[in-house]
Each structure stands twice: as C-alpha cells, then as structure tokens.
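What follows is a group of structures, each given as structure tokens.
Shared chain: subunit A. Partners: subunit B in the first complex, subunit C in the second.
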Partner chain A sequence: MRGTERFSSLHPVVTVCYFVAVVGVSVLLMHPLVLGVSFAGALSYALYLNGWANMRKTLPGLLVLMLVAALFNPIFNHRGYTTLGYLGDNPITLEAIYYGLASAAMIGSVLLWFVSYNKVMTSDRFLCVFGNVIPALSLVFSMVLRFVPRYFAQAKRVAAAQRGIGRDVTSGSWYARARNGSAVLSVLLTWALENSVDTSDSMLARGYGLPGRTAYTDFRWRDRDLMAALGFGGAVLVVAVAMIVGALRVTYYPGFVVSSWSVATWLALGVWTALCLAPVVVGVVEEAKWRSLLSNP
Partner chain B sequence: MALVAVQSLNFAYAGSQREVLRDVSFTIDPGEFVLLIGQSGCGKTTLLRHLKTALTPHGRPSGSVMFDDRPLEDIGLEEQTRRIGFVLQNPDNQIVTDKVWHELAFGLESLGTPREVIRRRVAEMASFFGIVNWYHRDVETLSGGQKQLLNLAAVMTMQPDLLVLDEPTAQLDPIAAVDFLAAAKRINDELGTTVLVTEHRLESAFPLSDRVLVMNQGKLIADECPHSAGATLARQDDPMVFALPAAVRLALTLDEVQLALTASPTTPMTIREGRTYLRAKLAEVGCESAVCTATTRSMTDQRPSASLPAPSSPLLLTSPIPPSFCAQSQNPQSQSLQTTVIEANDVWFRYSRNSEDVLRGLDMSVNQGEFACLLGGNGSGKTTTLGALSGLNKPYRGKIKLLGLNPAKAKGMELFRAGLSVLPQDPQTLFMRNTIFDDLDDAARAHYTDKSARETAVEQVAATTEITSLLRTHPYDVSGGEQQRAALAMALLTNPKVLFLDEPTKGMDAFFKAKLASVLHRLIDNGLTILMVSHDVEFAALYASRCMLFFDGSVVTEGAPREFFVGNSFYTTAANRIGRGLVPGAVSVDDLVAACRVPRANGGVGLTASRSMASEGRTTEASAGKSGLDAATRSRRVDAATSRSMTGAGATVKSDVPES
Partner chain C sequence: MGVEMRLTWVITLLGIPAALLAGVLFPFERNYYFISLVVVLLAMLPFFASFEGRKPQAREIVVVAVMTALAVSGRAAFFMIPQFKPGMAVVILSGVGLGRESGFVVGALTGFVSNFIFGQGPWTPWQMFAYGLSGFLAGVIFSGPAARNQGLGNLNIPVIIYGTLATFVIYGALVDTSSVLMWASDITWASISAIFISGLMFNALHAFASAVFLALLSTLVVEKLTRLKVRFGLFEPVP
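Right, the complex of A and B next:
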C-alpha cells in the first residue's frame, strides 16, 4: 500500500482517529441514512483497498451475518404498533423489521471498517500509535510478532526432521501420533528455551534494560497530517453537534419516527458522507492525477 | 595507546575446575582488524565475552581487561553498549523485533536516543549496508546472510569503537559469508572501527586481517601478522594448520624449513598470491635444484613420491583421510555390480500452482555404497531435491525410485521402514531429552524392543560416530559439530540403508569436518549409501566419491571429485584455482605440493595417469558442463551482488524459500 494510496500514508495516529470516529458514529447513531452512508463508505473503501477478487471471499459471509441480524430482531422483538402478521403467536412488526435492518447495516459497516483497518494498520503503524503510550508494550508486541511465526516455522521443521528419522506425526496409531506430536512440542520447547539465551544476550549487548528507553517510529508528522486531522475533527464535531441538538434523532419504537429534517440534519449528513467517502475519493482523485501526469508528456 | 588490553586473564566457569582461559594477554590498537582463530571449544567465545560486561559468563575470572585505558568493569553499561558492539553466531536468534527498521533502531532506543537522532543514524547505516531496499520488510522474509548483515548494521547504528564478531559467518552459505566479511572489512577501512573477529573460514578471513591471534586449549599460542602466523602454527604442530588458506598451506609445506626459521613477509595468502608463488616454485623445479634433493630424500625414505608430501614434513597438510574409496566408484567392474538405490527421471516440482518450478527435469542416480554429494548455490533447490526424494515434496511430473519404492506414493512411513534416514540441516530439531544417551535410546526404541539389545545398539552407534564420551551430556551443551554427530547417531539407529545429509558441515571447523568424514567413511564401508547436499566444496572434494552440480533445477554436471572439480573454474577448491593452468588436474594442496616436489618429467606421471583415467568417457560431458557452469556461477555472483546493493533481495529471498 505504501506510496500508492494516499489515505493510508497518513500518520498512523490520524488513521486510528479516523477509524475510531467512523466506527464510533456508526455505533452511536441509528439514523438510517447515517448507517446507509457508513455502509456505502466502508464497502467502497474495503473494495478499493482489497480489490474485488479478495473481497469476493469475504462478502458472502458478511451478507449472511447481516441477514441473520436483520431477521433476528423481528423474530424475537415484538415491540412497535404496525403489526404485519404473526409467526405462531408472536406478532411481526414493521418497526422491528426497520430496527433489524438498521442493526444489520451497523454490524456490516463496522465489520467492513475493520477490514480496511486491518489492511491499513500494519503492525508498525499499530506500534507507532501505542508505542508512544507505553514503550515497553510496543517492544513486547513487536517481539510477539517476531517469535510467533518463527516458532510455527520451527515446529514445521521439527516435524519434518522427526519424520526423517522415522517418527511421523501424521500416521500410525492414535497413541503413536500423540506420542510423536508431544515429541515435536518437547523438541520445540527445548529449542525455544536454549535459543532465547542468545536473544537475551543480543538484547543485553544492545543495552536493553538501561533506563530511559525511547520508542522509535518511522513515521513523521507532516502538515498534511495536521490538515487531515483538523478536517476529520471538524467533520466529527459537526455530526456530534447535530446529534446533541437532536437533528439526527430517530425513534423506532413504538412507531418509526425521524424527528427532524432541518438544515442541521442535511448539513450533518453531507459532512458525514464526505467523511465516510474521503479515503476512496482521495484515492481515486490521486490516481486520476497520476494518469493525467503520465499521459501529459 | 591500546584500545583493548587484556592482562593475564584466567577464567573457569562456575562449578567447574577446568580453566577455560589460561593466562591470556594481548592488546588491540585502535583501527586494527584482528582475527582470532582456534579449534571449536578452545575458549574463543569465552574470551570474546570478557570484552563486554553484560555478556561475561559466570565464573572465576582473574587478571584484567582494560578498555580505552580503563578497567572494563569501571565503564558503565551505557558506555559499553555504545562503544562495544557485539555480533553473535546465530543470525536468527539475535534478531529481537519483527521489522528491519525497528531492529536497526533497537540499540539506540535502549540508549534513550531522541527520535530525530535515531532517524539519522538508522538512515546512515541502512545506506552504508545497502539495506534501503529491504528496510520496511519483515525480518522473517530475509535470507540468512541478510539477517546477519542486519545484526551487524543494528550494532553499527550505535557507532561503536570496537566491533566484536563471534563466528558471524558460521551459519551462512559461502557467498553470504564472503559478503559479510567484506562488510566487516569495509567498516574497518571506511569508518576506522576496530574489529575483532573469530572465524573458521580462514580462506577469506586470513587475507583481510592485520593480525592473527591463535588459541589452543585456553592459551594464546600466537599473536602476530598473518604472514608469519601460519609458520608459527606449523612449528607448534597445531591442528589449526589444516584450516589455513590453501596458499598458506602450500607455502608452508614447500618452504617449511625457511618459514619456520624466519617469518617471510611474503607468504602467499590469496588465490592470486598463491598462483604467483606456485609459478615461481614450478620454475625452480624446472631448473632442478632444491627440488631434486627433496625428491631424492623422499626416494631414499622409500615413500611413494607423488601422492604424499615429503616424509620429513611435520605438518601433515594432507587430507587426514586418504580419499581411498574414490577408486571404488571409478572402478568399472564394481560399478556394474552395484545396484542403483536412488533414481530420479525427469522430475519436475513446484511448491504451489502459481510459483516457479524448483526442480526442472531432474535426472540423477546414486548407486549402492556411494558417497554422492549434491553441490550448488544457495536456494538452487538442493534441499527441495532431498524433499522430493524422501516423499515430502510430490513432483507433478517424472519418476523417482528410492530403494525400489516411489516416494510420492509410499504410504506413511513405508519409505523409512524400507531403510531411508534423513539427517536434518539443524540437529537441534531432533533433541528433546536431557542427555544424548536418552535421545539415542528413544530413537532406537522403534527398532529394538529389548532393553539390553537397545543399549548395545546405542553404544555401538555412539562408538561409530565417536560420541561415546558425550553420552551423559545435555545435547545443547556440546559443540555444533558434536551435535551433528549425535544427530547422525540418532539417524543411524533406525538402521538405514540410505542416508540423506543436509548441509552437515555447516558451522564446523576443519577438525570436526575431518572427524565427520571419518565417521561417514566408516558407514560407507559398512555398505551405507549417502547422499549429501552441501555448499562445502572443499569437503566434497576431499571426501565424496561422486559430486553433482545442481543448478537451475537439475544436475548440470557430475563426476568423481577430481574430474568434477578440474572441469570447474569457479565452483571448485581453492587449490584447484591456484593450480589452474599451472598444475592441471590438481584438486588438493597435496597435488600442488607433489607437482612442485617432483620434476615433472617423471613425477607428473602419477597425476596425469589418474587424470586421464578419470576423464575417460566423460570429456565431452564435462566440457559441456563447464561452459554452462561458468555462466551459471557468474550470474549467481552477480545476483548476490545486486541483491545486496541495489535491486532489493527479492530474488535471493524467493529462491531461499525451498532451502528453509
């Protein structure tokens, strides 16, 4: 992603704040338009980042999950006064269906935002954000990321080596397999303990444990980050104010009522749309710029 | 004014009576490049660890270690961290974090350096070492050589005055090792950093150094310039002479008397110097002066003249074991009697549908009782070949037959019950008990149910592999070479008919290699077939019965060691490179010595005869293979160079995948 996509090249702190903002608003507000916009933004960004080919595997599962959420509410929640029919003795109400759809949109958009978050927030970006807060934690996190894959790779090597001298984990009786499996674990454990001595030597040799450790990150705070942060902050502020003054209030029970369609509502919705679509729009505009640069000699 | 001054240092580990260091004294001046050599277990590592308080082992030290004219223990940990950099042997174990850039910053983070300074230092070192292209990568995706270079760079970001390298190239392939040593030398040359390095690969390390320290059983037995160090070793009859560069050994054997008396400042060390030296010596032979007396002397001693060095030689610079059984495989009669136990026919393999082919039409066969060696560069697919032959990797085209079975179709452990045993590259993947004996006992359990029979078997195998004295030791407490032999013993306890060895000489010194070779020869004599995969050209030249060069997914050329290495010009022994065009057919230092000792008129007979015999019927194949190989090796070098400097190590790492 680095260098090709504008939004994820922002400072990790800005990126994290952005995701907290969009997810937070999506969870707090049940306004159907807010959720619809959030879902559209999350879906388009996830598709933009991962491509259709990769998302094709993720999307069906997500849709099923959303469908379950949408159906769950009307089946078990019988509030609301517009009864559409009965399932056994229980009334199915229009309001409950509306609420189910809204929660499905909320769940869907939050999950899709997390799909993008995962793609954008690589481990080093995560560290940059949390390393500032607790330096020791950032190192532990980095070491875990180093050692977990390493131990898995070694376990594979051990299993192959054990097979080479006639102990196979994948065949033989249940007892023999369990025995050989525990042998692999035992070898791995010994190996890990013995070799961690080297690691600790290497850390000591490079001054680990001296007081006043700093946490280095490779990311720099640029003007662009400040502008983006101010922009995002302003947008969230507008939505929050609209929320507080009741411009985005929606009630589902007992009747579905959208309280207000004032200027403030439309302003907030406009700002919210801009916020949700910002990553994709910025990315697409950037790409267009590249193309025009390439086509104009 | 010395940077480091060690005064009569003694040391014994806690709970042990044995003195590991005995009265060691030496000094290192600022800017020197000092090489510390000695056999495994002679105390090199213990000595190095005394140069940094954080790493000093527990025990009873006496004597003093001064750094920059102050006792080391009076220097704070912060200053020591900054000024004394340490790189250890295992590239993987030293890396702490998951990203290259974070690893580079680790030391500076510990020192509490401000972010801006870290950024600059990291940038400088990343540029200096050509890390820029893999700066953002996960360390797990790096090759072994890159990892070790990263460890070096991570220490250099702290701008140390002294750089201590403890066998830094032991786990690396030859090309990565040369690159690493070159990087260390560059630090020394361009930044003026003092370097103290221990090394087994003297062929490349010796010419780089300003001074050589030699240790033997905890004592410093030599401290001099590399030109004379060889002679001193020879005079003291130290086993380290076997490890010296081929050029040095050549000069020592031919000039033993003069060198022992006055250290010549012109001892040849590199291949180039060796060639100049050899040319001069051969000219002398032409005028029949000193050499004739040497010959007559050897004649009167009634020794076979051409094949052995002169009898008076105390050096014994020959291979410790005569490659006797090379003859066995060359003998056409015995060959026809032998049965083929490993056979591969047009084998193609790739790891996944979209990846590249690793094996491309591999054809090879190994006869019973052979010691076949598959040589080739890093990531060329040698280990993948072993995987295919042992049923781990299933080829999508072609046929493999091993002990009459098809490995890809063999069910479960059928192949291993039929008599295959594989010794993994890393012996530590086999050990799980508290003593080597227990591990061997476990390995024998499958084949010997009776307890006493099992014990006898374990003892026998231990005797064969020469680890009897280590049976009660924890497997992690013995050296790498001994671990390798203990693992070999475990593999042998399954009563194999065919044994696969993956890079068995990795990290071993010359002495342990010779010992391993003698063990392997004993096994061959008992009818075992061995297929070894290795980078180690010198080992293969001395001990294998047949060598195959693996390149681009198949065997490019093969032959008995002599004909094989004579046909190669880069991928060959140092002695062969020294003798190229001067002593045709020479593969070992002995061959060169023989050519200089004996007037060519009669003495050359033995050599030429054996050569012509060996090349019979193979000439066309060998020459065809040679030109292909030249191109191959050249491109490989270029690859290594570019991946280090410019284009990023994508290629190297990708090709490393099958290796791991």
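Right, the complex of A and C next:
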C-alpha cells in the first residue's frame, strides 16, 4: 500500500460502507451509464492500487469472464422484438445482446471492486469493524489468520521428520503418498489441538471472558472520516431517490427503452460518477499535494 | 433464550418472507440475485448469533479456530489442483466431532477466511452458507456417538457417503445456483441446466476429493477431537 494513498487510510467502517454501496448499486441497477461509470471507477481504482504490472495478470481472465457473460444471455434468452438472426431454432435478439453487455459490465465492475476491496480491507480493518459487534467470531477469525501460516511451517517440519523415518510425502506410489500425507496431517492435528489447550489456558490467565473487555484496534475516527461518511451517504441517498422515483429506469424487454432523461437522471449520474471516481481522484490529488510539499534538496 | 437470540430469530423469520414479498411486489431487474443474497445472509444470522450469544469458553473458541485453520490450510495447500480440496472433509468432521453449531461456524468461517487467500467476491456468502450447512447437517446426523464420547463408532462409511453427497448436492448446487443468479437475466431451464452441466465435472471432482479425504481422515480426526473433549471437558454432551 502506498504511504500517500488517502482513500484506504479512511476509517474501516467508512471503507466497508463505500464498497457495499458501490457494489450494491452496480448489482441493483441495469442502467448502461451507471454500469459504465461503475466499471470505469472500479477499473481505475484497481489499476491505481495494484499498478499496471499486477493488473496485467488479472485483466485477461476478467475479460474472458465478461465475454462469456455477454454471450451467455443472448444464447439462452430469446426475449425482445428485434431478431437479428437464428442460432439453430433459437432467435438471437438485439435486446438480449444489450442485456448481455450490461451483465458483462455489471460482473466486470463487481469483480474489479472486489479486487480493490481485497487490497484495501485487510484483516485488521475487518476486525476493527466487527471486533466489538461479534467478539467471539472475530476472535476465531483472527486466530485462524494466525494459525494458517503457523500450520504450514509446522507441516513442513513434520514432513521432514517423517521423511527421516522413511515416510516420504513426495515420492512413492499415489496411495503411499496419500497415506504419508495423512500421517503428516494426523501429527499436525494432534500438535495443533495440544497447543490449543495452552493457548486457551493462556487466554483465561489474561482475563478472557471477563466483563468489559473490548477489541483492540489501531484505527481512530477522525473528522475527515465523518466528512467522507456524510459525502458518501449523501451520494448514495441521491442515487437511491433517483432509483425510487424511476429516473434511472431502463427496460430491456421487449424493447430497449431508457425511460427517463430528466434533470434527476443527470444529477444522479453526476453524483454516481463522483462517488465511483472518488478514491482515485482523492488519491491522485493527495499524492500531488504530498509531492509538492516534499523538499527538494 | 436470551433477548438478542430472540431478536435474531424475529429478524430472520420476518426478514426472509419480507424480502421474498418485496421481490414479488416491487419487481426490478436482478431481483432474484439480490433477494436470494438477502435470504442467504439472513439465514446465517441465527447460527452466528447463537454462537456469540452463549459466550463460548476460551477452549471451545480455540478448538473451533484450529479446525477452521486446518480446513483453510487444506484448501490453500491444494491450490494447484482445482476442486481437489480437503476443506469440506475437515468441516464435516468438525460437525461430527464438535456438534452441529461448531460445525456451522467452522464451515462458514472456512468459506470466509479462505477467500482472504482466494479472493472475496459475490460468491463468498454462498460458499460460507454451503460449507456451514454441510458442517451443521453433519453434526445433526452424526454427532451422537461423538457427543457420548465414543469416537466415530461404526459411522465411517455413512460419513463418507454423507460427505460426498453434501459436497455434490449442498455445495455444488448452492454455489452453482449463485452463478445462475449472477449470470442469467432470466432464470430459465436452459440457463440453469447450462450452468449446472458446466459445473458437473468440477462438483464431481470436489465430491470425489471429499470422499478420499474423509476415508483417510474421518476415524482419526474424530478420535482426536473426542479425546480432547474427554480430557478437558469441552463442548458438554448434547442431550
């Protein structure tokens, strides 16, 4: 993560609400412009966070998925007036192709928002959001995160020891390997369960379960978190109202109709654009500000 | 039943019909996807609330974390072979050895935490629910002997059969249904069968993996869990 990346340094509650909002609206609305903007915002933020070199590995797979999504609908869905041709006995309609394209944009943008989500919402941020709401489950969650790398390290040691007594996991017949692998797992499980007793005794000794305990978090709620929350909340409210009054209504079947091009539509689209591009714009502006403040010796 | 638990049941039992009703009264594009997501999330709520509500002992928490971590590590260790994962086997054995509630929690958290490695996405809630439900049902069906601290008894073969079916039917069907809802605008027999048939091989392989790992692990894991329970008096027997 870049030190100057501003958006992801917001309070985790704000970040989580932001992602829920953008993904939620992208899934709910099938308006082509809403989806296009969402896709542009998600793509630019994913590129901004991960850099072109990393995204180059992700993007081809994503494009294939989007292509499948775009083709899936017209092949299986034959609603709509405008028949373009026939595939076997089944009509391929223009409306179904439009809907397929919209689906592809929706799937692409949701997956790209999740690329950024996975980068921004690290486990400590998740614990900050849920640590006090669901303390027991959050505790299990943080323990699991600690245990997984520990088990991998221990499994390596156990496997090496087993190899020493002639039970090699990496050679021999398929069945012998599976059996030796299970032996490693068996040892690992015993070790893990024995350790769990130590861990829990240690937790009790440190006062687990006493009243008034809170979850530790490194994040503080600052003024800019409030500002961001109000801004995002307001933007979502505008889009939601526009959606309810029908300003963003689009029908695909039987004919492709964009019902409204009123002031409300443009207002909602403008606000939505600002919401989707906010992380990148804030990031770029803050980065420029930071650079200009650096002293150049 | 505590106040919080009652509130949870009210939210779940009123929320699910309300979501379905809203979908019928106010139809919009993608309402199938959205409403089924709400239903899945609401359906998981009582399980989590009951785990939280009874303020589990430190030892239970750690054992649940150990089993979840094993399932996640298993899923991560076999990352190079698609679908051939021991995760489901570990989840099911947690349900058998520790009871239905822990089975659900281990399953749901396995789905959630392993996606920190494999990537979160719109599929996460469905995977969580599928793993959780498989662990829960394993507990409902098989936890008797383990609860009486008798180990697995002679349930080895039934557990393998259950695990294979659960992986194929519960996990496969739920996750494929989520794909249908995500991909298709109209839920037609053609679009459903296209996705289910394309998923058939993956689900069959996944179910085969569960069978193999259950055959190798079931007696062993349940024995160890039972021993731990007897030795430290964890998870008081379910009557």
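Here is the rule we use: the second predicted complex is superposed on the first by the 288 of 297 C-alpha atoms of A that agree within 3 Å, B and C clash if a C-alpha of one lies under 4 Å from a C-alpha of the other, contacts with A are read in each partner's own complex, and residues count from 1 in each chain.
Basically, a residue touches a chain if its C-beta (ideal position, glycine included) is under 8 Å from a C-beta of that chain, and two chains touch if they have at least 3 such contacts.
In this text the structure is predicted, and so the values were computed from the model without any measurement.
K.L.:
With the two structures laid over each other on chain A, which partner does A:V13 touch: subunit B (first), subunit C (second), both, or neither?
P.N.:
Once the two structures are laid over each other on A, A:V13 reaches no partner at all.
K.L.:
With the two structures laid over each other on chain A, which partner does A:Q162 touch: subunit B (first), subunit C (second), both, or neither?
P.N.:
A:Q162: touches subunit B, not subunit C.
K.L.:
Between subunit B (first) and subunit C (second), which, if any, makes contact with A:G172: first, second, both or neither?
P.N.:
After superposing on A, A:G172 lies in contact with subunit B but is clear of subunit C.
K.L.:
Does subunit B (first) or subunit C (second) touch A:S186, or do both, or does neither?
P.N.:
Both partners.
K.L.:
State whether A:A215 touches subunit B only (first), subunit C only (second), both chains, or neither.
P.N.:
first
K.L.:
In the superposed arrangement, does A:L33 touch subunit B (first), subunit C (second), both or neither?
P.N.:
Touch status of A:L33: no partner.
K.L.:
With both complexes overlaid on chain A, does A:M203 touch subunit B (first), subunit C (second), both or neither?
P.N.:
Touch status of A:M203: both partners.
K.L.:
Return first, second, both or neither, reflecting whether A:F152 touches subunit B, subunit C, both chains, or no partner chain.
P.N.:
A:F152 contacts subunit C only, not subunit B.
K.L.:
Going by the contact rule set out at the top, does A:L267 touch subunit B (first), subunit C (second), both, or neither?
P.N.:
Neither partner.
K.L.:
Do any residues of subunit A touch both subunit B and subunit C, and if so, which are they?
P.N.:
Correct list for subunit A: 123, 135, 139, 143, 145, 186, 190, 195-196, 199, 201, 203-204, 208-209.
K.L.:
Contact residues on subunit B for subunit A in the complex?
P.N.:
On the subunit B side, the touching residues are 52, 54-55, 77-78, 81-82, 85-86, 88, 90, 92-99, 101-102, 105-115, 118-119, 122, 136, 139-140, 151, 154-155, 158, 390, 392, 411-413, 416-417, 421-424, 426, 428-432, 442-443, 446, 476, 490-491, 493-494, 500, 660.
K.L.:
Which residues, counting only subunit A, touch subunit B once they are in their complex?
P.N.:
Within the complex, subunit A touches subunit B at residues 2, 123-124, 127, 135, 139, 142-143, 145-146, 149-150, 153-154, 157-158, 160-168, 170-172, 183, 186-187, 190-191, 194-196, 198-199, 201-218.
K.L.:
Over in the complex, which subunit C residues touch subunit A? Could you list them?
P.N.:
Spelled out, the residues of subunit C in touch with subunit A are 28-30, 33-34, 48, 51-52, 55-59, 61-66, 68-70, 72-73, 76-77, 105, 109, 112-113, 116, 119-122, 182-186, 188, 190-191, 194, 212, 216-217, 220-221, 224-225, 228, 232.
K.L.:
Mind pulling up the subunit A residues that touch subunit C in the complex?
P.N.:
Listed in rising order, the residues of subunit A that touch subunit C are 23, 27-30, 69, 72-73, 76-77, 79, 96, 99-100, 103, 106-107, 110-111, 114-115, 117-118, 123, 134-137, 139-141, 143-145, 147-148, 151-152, 155, 178-179, 182, 185-186, 188-190, 192-193, 195-197, 199-201, 203-204, 208-209, 250, 252.
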